[in-house]
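Look for subunit A in each of the two complexes below; its partner is subunit B in the first and subunit C in the second.
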Partner chain A sequence: MAADLLRSLLRRPAGMISACLLLLLYGAALFAPFLSPTIPSAQDLSRTYHPPTALVWQNGHLSVRLYRLVDPSTATYEPLPDQTATLRWFSHGPAYKFFWLIPSTRHLFTVSSPATIYLLGSDATGRDVFTRLLYGAGISLSIGLIGVALTSFLGLTIGGLAGYLGGWPDTLAMRLTEFLMAVPGLYLLLALRAALSSRFPSDATFLLIVVILSALGWAGTARVVRGLVLSLRERPFILAANVIGQRPWTILFRHLLPNTFSYLIVAATLSVPGYILGEAALSFLGLGIQEPSSSWGLMLGQAQDIKIFMLNFWWLLTPGLAIILTVIAFNLLGDALRDAVDPRFRLPGK
Partner chain B sequence: MAQPVFPIALCALLLLSACSPPPKVSRQTHPLPAGVDIARSEIGRSGGVFIDSSPGEPSTFNPLVSEDATSGGFIGLFLDSLVHNNAVTQEVEPGLAARWDIAPDNRTFTFHLRPGVLWSDGHPFSADDVLFTFQAIYDPRFPNRAAFDLSVDGQKFKVEKIDDLTVRLTTPQIYAPFLETVGGVGLLPKHELEPAFRDGTLLKSWNVSVAQKEPQRLLATGAFRLRSYQPAERIVFEANPHYWRADAQGVRLPYVDFLVTKLVKDANASTLAFATGQTDAEGLSPDNVAWIDRYASRYGFSVFNRGPSPNTGFIWFNQNPGHDTAGKPFVTPYKLAWFTDRRFRQAISHGIDRQGLVRGVLFGRGQPLWGPETPANKKWYNPNVTQYPYDPARSRALLAEAGFQIGPDQKLHDRQGNLVEFTLNSNQENQLRVNMATAFKENMRDLGITVNLSFLDFGTLVGKIQDSYDYEAGMLGLTGGGDPAGGISVFSSKGRLHQWYPNQKTPATPWEARIDQLMSDQLHTLDYPTRKKYFDEVQKIMSDETPFIYLVTANAYVGIKDRWKNIRIPPLGSLVWNLDELWTPLLTP
Partner chain C sequence: MPPLLQVSNLSVHFPVKSGFLQRQTGVVKALDGVSLEIEKGSTLGLVGESGSGKTTLGRAIVRLIDPTAGSVSYQGHVISTLRGSDLRPYRKKIQMVFQDPYNSLNPRLRIGTILAEPLEIHFPKMSPSDRATRVAELLELVGLDPAHARRFPHEFSGGQRQRIGIARALAVEPEFIICDEPVSALDVSVQAQIVNLLMDLQEKLNLTYLFIAHDLAVVEHVSDQIAVLEHGKLVEEGPSELITTHPTHPYTQRLLASIPSLQ
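The block that comes next holds the complex of A and B.
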């Protein structure tokens, strides 16, 4: 079934492009320490708000232009004519741990000190925005995946049990979901964050946010799964399973729930952007990921200052672009998946 | 087809009215009081509207209730005091009292009020108003902040009326900041507020609702009186026709007809309103000066550098040796040993790249700070405090001397082998402070010290610092400036803002005992050189012992439209010191 799904997905251009884009983004997030020229906490207070460095081809090598700080009071930089630093491939740079395990100092590209490469400029303390964007992707993107995994698990279990068992477990579960859906999401999010924040050290904030977001998100999935299970359990194949004397748990886990998977895959894909945006919103409001860690929402929140706009430090808004691209990609992929899973839903003209 | 004509006609009408010169405002004319004060500034021309903006709304117009700077600023516009603290010269100048005598005992002050001064309703101002004000302040029915400032060790001042224009105040002991404190007390009109005083509703009078409905009841002795207040929109003050100052040609001040304050949502909106030419004056932060300068010629304003601001920023370690009710120490004992070691604190101080912070975070508009006062406080600043320039080698030497060493993991360990690691708490609202905290973390990493950052909202942070004490290090700022007496709660070991170890029963260290002694001594002499000597020593001890590791101070800036003449900008406090002397040759902006 998975192979079929993949094949029909790849036949759709939108689905294929977005799948490739997401693969690229997740790959970049996974290999962030290697792909980035430095580490996200490395500062250079003499190069704050540095514009993106231009790449030029010189003497048969890819090189970066060097810049001079013309006016520190406005952070104005000027390229130095004919001065470049050659890009070094697979060279040694700041130490990091690959996958939190393997220590390494290899970076895809660096320039030799004292020159620095700022592919996407630098921020208020001279940190490389490109590096922070890559490291931030790890947090922002994995929050989506982990969150969806958690909600799908919760939704599937609670919804499946409620639909199959009926009676008071059903009533209890459904009233709970109604309660969760009735509470305005952002306020509950803020309240939970405020209530739990003092108990968690700041490095656990990441997990805390995922848990909060999932705790709010499972209600919708649970309701749909319950509905699906309710209709499925009246089908002949379930009757047949009952007749040959299979136990209720076996019926639930072997026959009922697997039949909701196709729906779940689509729903999960379409709800990933919600988590990414949720994290961005929390971090934007200063309640999510905290310095010196980076996430797209946090970076975007820090770019919310008039001087960023007035002095045209546009490169600080690139996390916003990354969020937009990711969200669009997930939505397109979700649409394509839905078409692939259930041809009856296909929109006319496709 | 006739329909669109109306709006177009209306627009044209509005445009016309906007372009034509504003109607000449006719002011009531009254004879000048006998005790008129003649301004020595350039002679100007009456008329004009001065517009500024405020991100904060006043919470009251009653000086007995006011606790915040926004309300205090508005109250200061219409309520005058016996003397003024000139923010430009930092000297005490005559106000409603034309002169004063100090008796040889240095405790008795006789104030001679200006004859002929009237309240804005035409009622004479007299010694009875002064007595009434002190009576109201000291009345236990009306708890207020001034009552605390106007007492020494809990004892009130004695206030006597000699005659209608003479008042004598006696302090129980010599009280150094007496004149400065009296300078901050806005005098209340007895004839207007006495009924409220009698029936105990004084704290409810002159609230924001009265200001909206009956602005004329807020009687003024200052340069302006309230004309109207629309919450979330604007506050309009008009020239007080009975003001007691005039220029050399006998024209009554203030020159401006109206003072309009737009009430805006936040500091960003306020800055933007000025940058787009909508307001006449604005205080600017160093990171915004860069782009605002670009609009200077288009909207005809100039940005003035006020020099270093009185705001200090610092990092400190929790040195509180106490423990909570469950018996758990506030600070882990081995960490407390580091924090109470002066060499450790000095090493940290030497490890901070303050020049880098100024250059990077403040756009080069600021300077390193080494002591509790910034150069903005010209009268009391001690330039000869101990400095800790960026010198990681010196830091390492100090740490080695204190028994710390770099382990095989390239991290710093203490004598017992404990990893040197601490959590720095700060508030998240201030982005410049967040940037400084991350820069500090990097500086410390170079020394092998691991710093974890924790950003809390301001209320939670204050709770940790002042109530639960369960933190290791903090980063905050205080507004300095003014008389040393204002710093007692910080420097004295009994003080509430003595943040590294507040509310001590007896001083924990000999140097804290010495500071306590100096702070008490400086309070009980009126002699400026002696007080300055004492306070200089306090600043020196603070820099030697570094309980607060001072960081940087940003410069303060004021933007003012070029059409205003006679501008005097104080290094601290309000944007323009002499609002009553401002004038403009251009009545339309």
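The block that comes next holds the complex of A and C.
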């Protein structure tokens, strides 16, 4: 069934394109330390707001131009004529840990100092935007996946049990979801974040954000799963399971919940953008991921400086583009999945 | 010797709730003091219009619904008050075939898994390979290819699915099967095949049936006795030929008149 689903998904152009794009993005996030020429905390105060360096073909090698700072007050750089530095492939650079475990110094490409390569320019402290974008992808993208996994799990268990058991567990769960859905999400998010921590280490903040987002997000999933379980419960195959003497818990886990999966997959895919945007919003407002870690929201937040608009440092807005692309890709994938699961979005077999 | 199944004064009332607070404002008397007996090896046909309570009676017997009043006894033992593990031995003896073959098989499970499930519950000592053999046997018994065990329900036609539903009911080696309109969702050409399969199986396995249908033509063909339900009450009961040739109750006469082939 999973293979069938994948095949019919990839037959749809929107599904194919968005799946490829997401694969690319997640791949980039996973291999960020290797793909980036430096590390995200490497500063160079003599090269702030550096524009993207031009790549040229010189003597049979890909090379970068060298630049000269013309006017520090407006951060105007000028390429030095005929001065280039060759790109070195698979070379050694700043040390990092691959998958947080394997120490390595190998990078896909670097240039030897004093030249630097800024594919997407540098920020206010001369850090490479391209590198920070790649590292930030890890946080921004994984928050979506972890958050959705957590929400789906919570929604499935709470909604499934509420629908199956009925009675007071059902009433309790439904009142709780109504409460969560009645409070405007962003305010609750901000209030929770403000109440829960003032100064946390960066990885703890990451977990905190995921937990807060999931604690608010499960309500919708739980309500739909409950509704599905209520309607499935009366379907003859569930009645048949009762008549052959199957135990209630086995009925719940073997017959009821698996039949809500196709809905869950679609719902999960469509709600990933919510998490990415939630993290971005928090980080943008300074309540999310903290320096020196990077995330797309944080980078965008740091780019909200009048100087950036006045002097057209457009490269500092690329994290916004990355967010837009990811959100669109997930929405397209969700739509394609919905079509693949079932054109009329009915329950399986009905 | 008590009859195999005895239904005494059985009533099922559903609460009717309405209004903002969902207060109970009345009841639907789906069954109202119904009494029946079924002898071992025979078929009782149960007819009645839509909404007359036929399904409710079948479900109350297999304890999918708790009766409001009255009792159901099986071989002289009251089963309508049993719960949990006390009920399990009767789950092995009494089975049900459902009206809607398109919804009576879990769409996510292979046929082999669906048919193995009752075996796991009622024959826990069976080894996996014995179970597979038994599943193949069951498929053959209902006229399907044993290789079908690897397929999913959506790969079958309505008639084939109903055969699988019958195979699932037979898996536990039951004595008594409630067939709730087993053919009314099927194509006319397939209906006769399924009815004949059920009759063959009855002979081969010495089964007892409660055969529910809303048209008398099908019921007449399979039943020894016929009972007629109207608005939850039994209005007429007797041997099959007698009911179809000399109905006494006006409701039965109306039902009979609505069968085109007998006019």
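Quick note on the criterion: the second predicted complex is superposed on the first by the 338 of 350 C-alpha atoms of A that agree within 3 Å, B and C clash if a C-alpha of one lies under 4 Å from a C-alpha of the other, contacts with A are read in each partner's own complex, and residues count from 1 in each chain.
Operating definition for what follows: a residue touches a chain if its C-beta (ideal position, glycine included) is under 8 Å from a C-beta of that chain, and two chains touch if they have at least 3 such contacts.
Remember, predicted model here, so these are calculated numbers, not experimental data.
Contacts of A:236 after superposition: subunit C is touched, whereas subunit B is not reached. In the superposition on chain A, contact is made by A:258 with subunit C only, not with subunit B.
Once chain A of one complex is fitted onto chain A of the other, the partner contacts of A:245 are limited to subunit C, with no touch recorded for subunit B. When the two complexes are overlaid on their common chain A, residue A:215 makes contact with neither subunit B nor subunit C.
Ranking subunit B and subunit C by residues of subunit A touched puts B first. Shared contact residues of subunit A, touching subunit B in one structure and subunit C in the other, are absent. Within the complex formed with subunit B, the subunit A residues making contact are 41-46, 48, 72-75, 124-126, 197-198, 201-203, 286, 290-292, 302, 305-307, 310-311. Touching subunit C in their complex are the following residues of subunit A: 1, 235-237, 239-246, 254-255, 258-259, 261, 348-350.
Note for the complex: subunit B touches subunit A at residues 268, 271-272, 275, 287-294, 353, 356-357, 359-361, 363-365, 428-429, 431, 434-435, 437-439, 441-442, 445, 452-456, 460.
Subunit C contributes residues 59, 62, 64, 87-88, 91-92, 94-96, 98-100, 102-109, 117-118, 121-122, 152-154, 165, 168, 171-172 to its touches with subunit A in the complex.
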